[in-house]
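Listed below are the structures to be examined.
Two complexes, one shared chain (chain A), two partners (chain B, chain C).
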Partner chain A sequence: MAVLPPGVSQRTLDAALAEWRSAIGSEWVFTSDEDIYGYRDSYSILWGTDEERIPSAALAPASVEQVQQAVRIANKHKVPIYPVSTGRNLSYGGPSPNVRGTVVLDLKRMNRILKVDDTRNFCLVEPGVTYFDLYNYIQERGLKVMIDLPDPGWGSPVGNSLDHGVGYTWGPFRDHFVSHCAMEVVLPNGELLRTGMGGMSNADTWQDYKYGTGPSTDGLFGQGNFGVVTKMGFWMMPMPEAYLRGMVYAPKFADVIALVKTVNFLEDQGIIGMPNYGSPARTAALPFNKPADPDLLALMANGYPSVEQVDAYVAKKGVPAWSVQLQFYGPRKTVEANWEYAQAKMREAIPGATFDGVYRTDLPVPKERLDEVVLRHMGIPALEIFNIVSRNESHGENPPDGHNNCVAIVPRTGESLMTFSKAVIEGMRAVGDMRPWSPFTTPATWHPRTFLCGPSVFTQRNDPESNARNKRLYESLVDTYAKYGWVDYRCTHAFQDRVVSKYDFNNHALMRFHELLKDAVDPNGIISPGRYGIYPRSMRRTRA
Partner chain B sequence: MTTEPTSPGASRRGVLQAGAAAALASALPFTAAAAMAKTARFHKAVYDARFPEGVSFGAEMERGGTPTHAIKGDITPFYNSLYRQWKEAPTLIAGLTSANALFALELMANAAGMRVAFRAEQRLDRFGAPQWLLEGPPGLIDAAALSAADRDWGLFAARLAAACPARWSAPASSTAACAVASPAAVDERVTAWVLAPVVRI
Partner chain C sequence: MKTLIGLAGLGATLLAASAFAAPNPGQPPAGASPQAIQEHGNRAFQYYCAPCHGPGKGNNRPYLPGTDALNVKYKGERPALLEERTDLTADFVRFMVRNGIEGMPSFRKVELSDANLDAIGAYLARNNK
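Coming up: the complex of A and B.
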């Protein structure tokens, strides 16, 4: 399956490949179909089509010096490259590039853990380090820090944070880009840059103080294409003494307004870790592995239901409309006191609020209790998330191979949640998707200051028609979200142009500024063309 | 060989069973002793103890001298131990797990220079009847398809794995489907598999 980058001839690519082989070793330059297969996105909604973002080759340098050489060669021949840390951000493009034919710069051989400090509570790692690596390193040395990790622990802290990835514990740590401190970057001309205090060669505060003096440039390298990040530091949470979780239930549909307000009050003071919202009413309406509740279908049959109609449904089902699991990390006495306080605040705010499901453990979690906890909530890497693609009645006989999350940034209010389902239904129906949906939107709370809401859109490698249908669904959801002022916080390559096109303030001033920077920093457009809609001048299309 | 999906009560199943004995005698070294001896070449075998097929698979691997690792759904601990091993060198492994567990291992295997050399996945055919979908080297799959129906699938899969080449050299060129009488956990897409190092030319 020979593909070439846009505007690059086979002869030019061959010349670049020859120089890359000389620079980093021929065994680390991959061009065969079999090798390239590993750089396809397993979750691609474009799988097997002419639009699939297949690379022409891949390179795996082992050091910063080799990355610099690889970038200089790319620049000399004007061949685009796409850096990946471990290529594991499934749902968001995996190891594949934005533009078909781009050469993947695979950094997984750069896998050194350079520092973990449990006095100042930070680490410094290379891009090829995985969460498993970091966890194993900490365990083997008995260091007293906790990692915050995403769903599967096989990815890279560097790659995840650069993609604005998220985790599951305490607010300041689960936004992984926010918790970074220190970057080393190979610029498109091959020059090496260190941000923040790394700009001062003898400073010992590179992983402690983010900004240095003057403008902060780190943000350009998150979801960006201005350089190849070769080191990153991260702030870490000191291992707390204890963990406690408890469930709160709110009986009525409109209680979600007070529920969210109270949870925000608790989280923004640092009293709770990540809250996990749920809805027993939604579980009754759309039970896993079973057909939708006929009463739900009746409720949704004649236009979007009123609050009173939804409450009548909830009352008939005899379950609370909403739930939230509150998580506490800290000293034993403090987590108990905070749970008491949280219950008191909930009772004040929500008539009829109830509580149960209290669970306590010391941290780190004793081995014999690991089966009782959600590992990622405890900073332990896991892979249990892959169970979501099992066959069930909603998936039919041909269960999906993957999914693309169509998840929007939504204000952290109950009112937003009450509106969100309406928007999803609008987006689905616009493309003839008539699947049952409920009024109960339960948000992801990975980002501490916003809700992230939206469905997963499934992909199926052996079913291009289903993929095409789901692609239309995803696009419809993006367009519908935008009407409400919402937009995806990240997305796979197939939708990035569409998503960033929604940033329309002052005639897309933000994108125009990004393009200005791109032209100045990377005039040959060799680093990740097309990433989040930022194309080099040679590939840029006229914006309407 | 590519066969059509089977259907409940169709005559295809009877044809498969009728031809099985003769095909096996010439195509596969499936005497128990021969198969058991070959399982010892695996670095490790992993099985999901929630499935009867998994228990049977693990027992057969152990009889052959292969170290085994039992899981109950979550592949994480096995993944982490293998992750450390494969950083040193790729090694031949076999398993009978959910398809999801294999997915996680397969992506790691691809990065370590390995591929799925044999796969038998439980699926539903278009009539909703469970079947095993086989994929692997032609000689192995052609004969296996003819002998698979109504067997102890865990045991049979262990022997198929043992007969699979220890090095991967080309994409699977044979697929086949065969009926299964009593699936244990259809929702989990129970899958038997071999992950083998790639032969680089």
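Coming up: the complex of A and C.
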């Protein structure tokens, strides 16, 4: 399955490959079909099509110096490269590049944990470090810090942060790009840059103060293609003394407005960690992989239902419309007091609010209690999330192979949630998808200041028709979101052009600025062409 | 054909498992005995595979995803835990790891070396006599 980067001849690629072999060792330059297979995105919705983003080759340097050499060679031959950290950004492209034929720069071998400081509470790591590795390092040394991590523990703190990945604990740490502090970057010309206080050779505050003095350039390297990040620092939470969680239930559909307002009030002053919204009414209406409740079908049969109609449905089902799990981290006495305070605020805001499900543990969680907690809420890496796409009792005999999240940035209000389901239904119906949906949108709260809402479409490597259908659905959802002012916070390669095209203010001034920077910083367009819609000048005419 | 799931709120319902990543085993020593390779393979299995294919249990889910998948697939005809299987060969393990299956993605050499994969294969095939 030989592919070439756009505009690059086999002869040019071969010349670059020869130099890369000399620079980093021939055993770390991969071109065989067998080896390239591992750089295909197992969750690609384009799997097996001519559009699939298959690389022409892959390189695995072991040091910053080798990355610099690899980048200089790419620049000399004008062969594009695409850096990946651990290559496990599944649902968002995995180890595959944005543009077919681009050479993958695999940084997995750069796996040193350079520093974990539990006095100033930060770490400094290379891209190939996984959350599992970081966790083990901390445990082995008895360091008193908690990691905020995303779902799969084999991910990279560097890679996750650079794709604006998110986690599950305390607000300031859940946004992994916000919680980064320190970045080392190999620029497209091979020069080494350190941002913030790293710009001062003898500063000892690189992982403490992220701006330095003057403009902050770190943002260019998140979801960007202006360099290869070879080190990053992250702020960490000191290990709290105790954890408490409790459930809040709100009886009526419109209660979501007061519920969200109260949760925001609690979270934005640091009383709670990540809130986990749910909807018992939705669970009754649309049980996972089981037939929809006939009463729900009747409710949704004649246009989008009114609040009164939804509340009549909720009353008939005899379950609360909404729930939220509140989580508290801190001193034992404080988490108890904060839970009491949260209940009081909820009672004030929501007539008929009820509470249960209180659970308490000391932190770190004693080993004998680990089965009682959600590991990621405790900063403990795992792979349990793969239950979403693995064969199990819920999925039956035809499980999906993967999934692509179509998750939009939505204002953190109950009103938005009441509108969101309407938009999803519009997006589904626009492509003839008539499956049932409910009015109960529960948001993901990974990001502390916005809701991230939306479904996930499944992918199936042995079913191109299903993938094509789901691709149309995904695109329709993106288009529909945009009508409401919502847009995906990140997405897999297949949808990035469409998503960033929605940033239309002043004739797409933002993208035009990105392209201006791209041309200045990377005139040969060798770093990750097409990443989040930013193409080098030579490829713009082919942009979708 | 399933095409759509509600994502939001899922986090609250997916429950914990007790498996932890073991320390990174490094590479198998050159010239190691078959027994030493198997022992290294055990350590490599715990690091690379056990977070999905281990015996962890949770509140509602009795198995980790890989173990759960094999439990559903074999319905008791074969052990769901790879470490308890007596019919595995190193070649079969290598094929599955390099190609992936269903929700399990493929593993590339830079992430999981041939030497470690061979050791894992030797470990999982130890009871196939």
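Simple rule for what comes next: the second predicted complex is superposed on the first by the 532 of 544 C-alpha atoms of A that agree within 3 Å, B and C clash if a C-alpha of one lies under 4 Å from a C-alpha of the other, contacts with A are read in each partner's own complex, and residues count from 1 in each chain.
Keep this in mind: a contact is a pair of C-beta atoms (placed from the backbone, for glycine too) under 8 Å apart; a residue touches a chain by one contact, two chains touch by 3 or more.
Since the structure is predicted, the reported quantities are computational estimates derived from the model, not experimental observations.
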Clash or fit (per the criteria above) of chain B with chain C on chain A: clash
Greater chain A contact set [chain C / chain B]: C
Which superposed partner A:P443 touches (first chain B, second chain C, both, neither): second
First, second, both or neither for A:S538, with chain B first and chain C second: neither
Contacts of A:K108 with chain B and chain C, given as first, second, both or neither: both
Partner chain in contact with A:S9 - chain B first, chain C second, else both or neither: neither
Touching partner for A:N289 - first (chain B), second (chain C), both, neither: both
Partner chain(s) touched by A:G278 [first = chain B, second = chain C, both, neither]: second
Chain B versus chain C as contact partner of A:G38, first or second or both or neither: both
First, second, both or neither for A:E384, with chain B first and chain C second: both
Part of chain B, among the options 8-16, 44-52, 134-142 or 170-178, whose backbone runs into chain C after overlay: 44-52
Contact residues of chain A, present in both the chain B and the chain C interface: 34, 37-38, 42, 86-88, 108, 130, 132, 136, 153-154, 289, 375, 381-384, 386-387, 389-392, 399
Complex contacts: residues of chain C adjacent to chain A: 1-24, 47, 51-52, 56-59, 61, 64-66, 68-69, 72-73, 98-100, 102-111
Residues of chain B touching chain A in the complex: 73-76, 79-80, 83-84, 98-101, 103-104, 107-108, 110-111, 115, 123-126, 128, 171, 186-189, 198
Chain C-facing residues of chain A, complex: 28, 30, 34-35, 37-40, 42-43, 58, 60, 86-88, 90, 94-95, 106, 108-109, 130, 132-133, 135-136, 140, 153-154, 168, 276-279, 282, 286, 288-289, 325, 370-376, 380-393, 395, 398-403, 405, 407, 428, 433, 435, 441-444, 452-458, 460, 463, 466, 469-470, 473
Contacting residues of chain A [partner chain B, same complex]: 34, 37-38, 42, 86-88, 108, 130, 132, 136, 152-154, 289, 375, 381-384, 386-387, 389-392, 397, 399
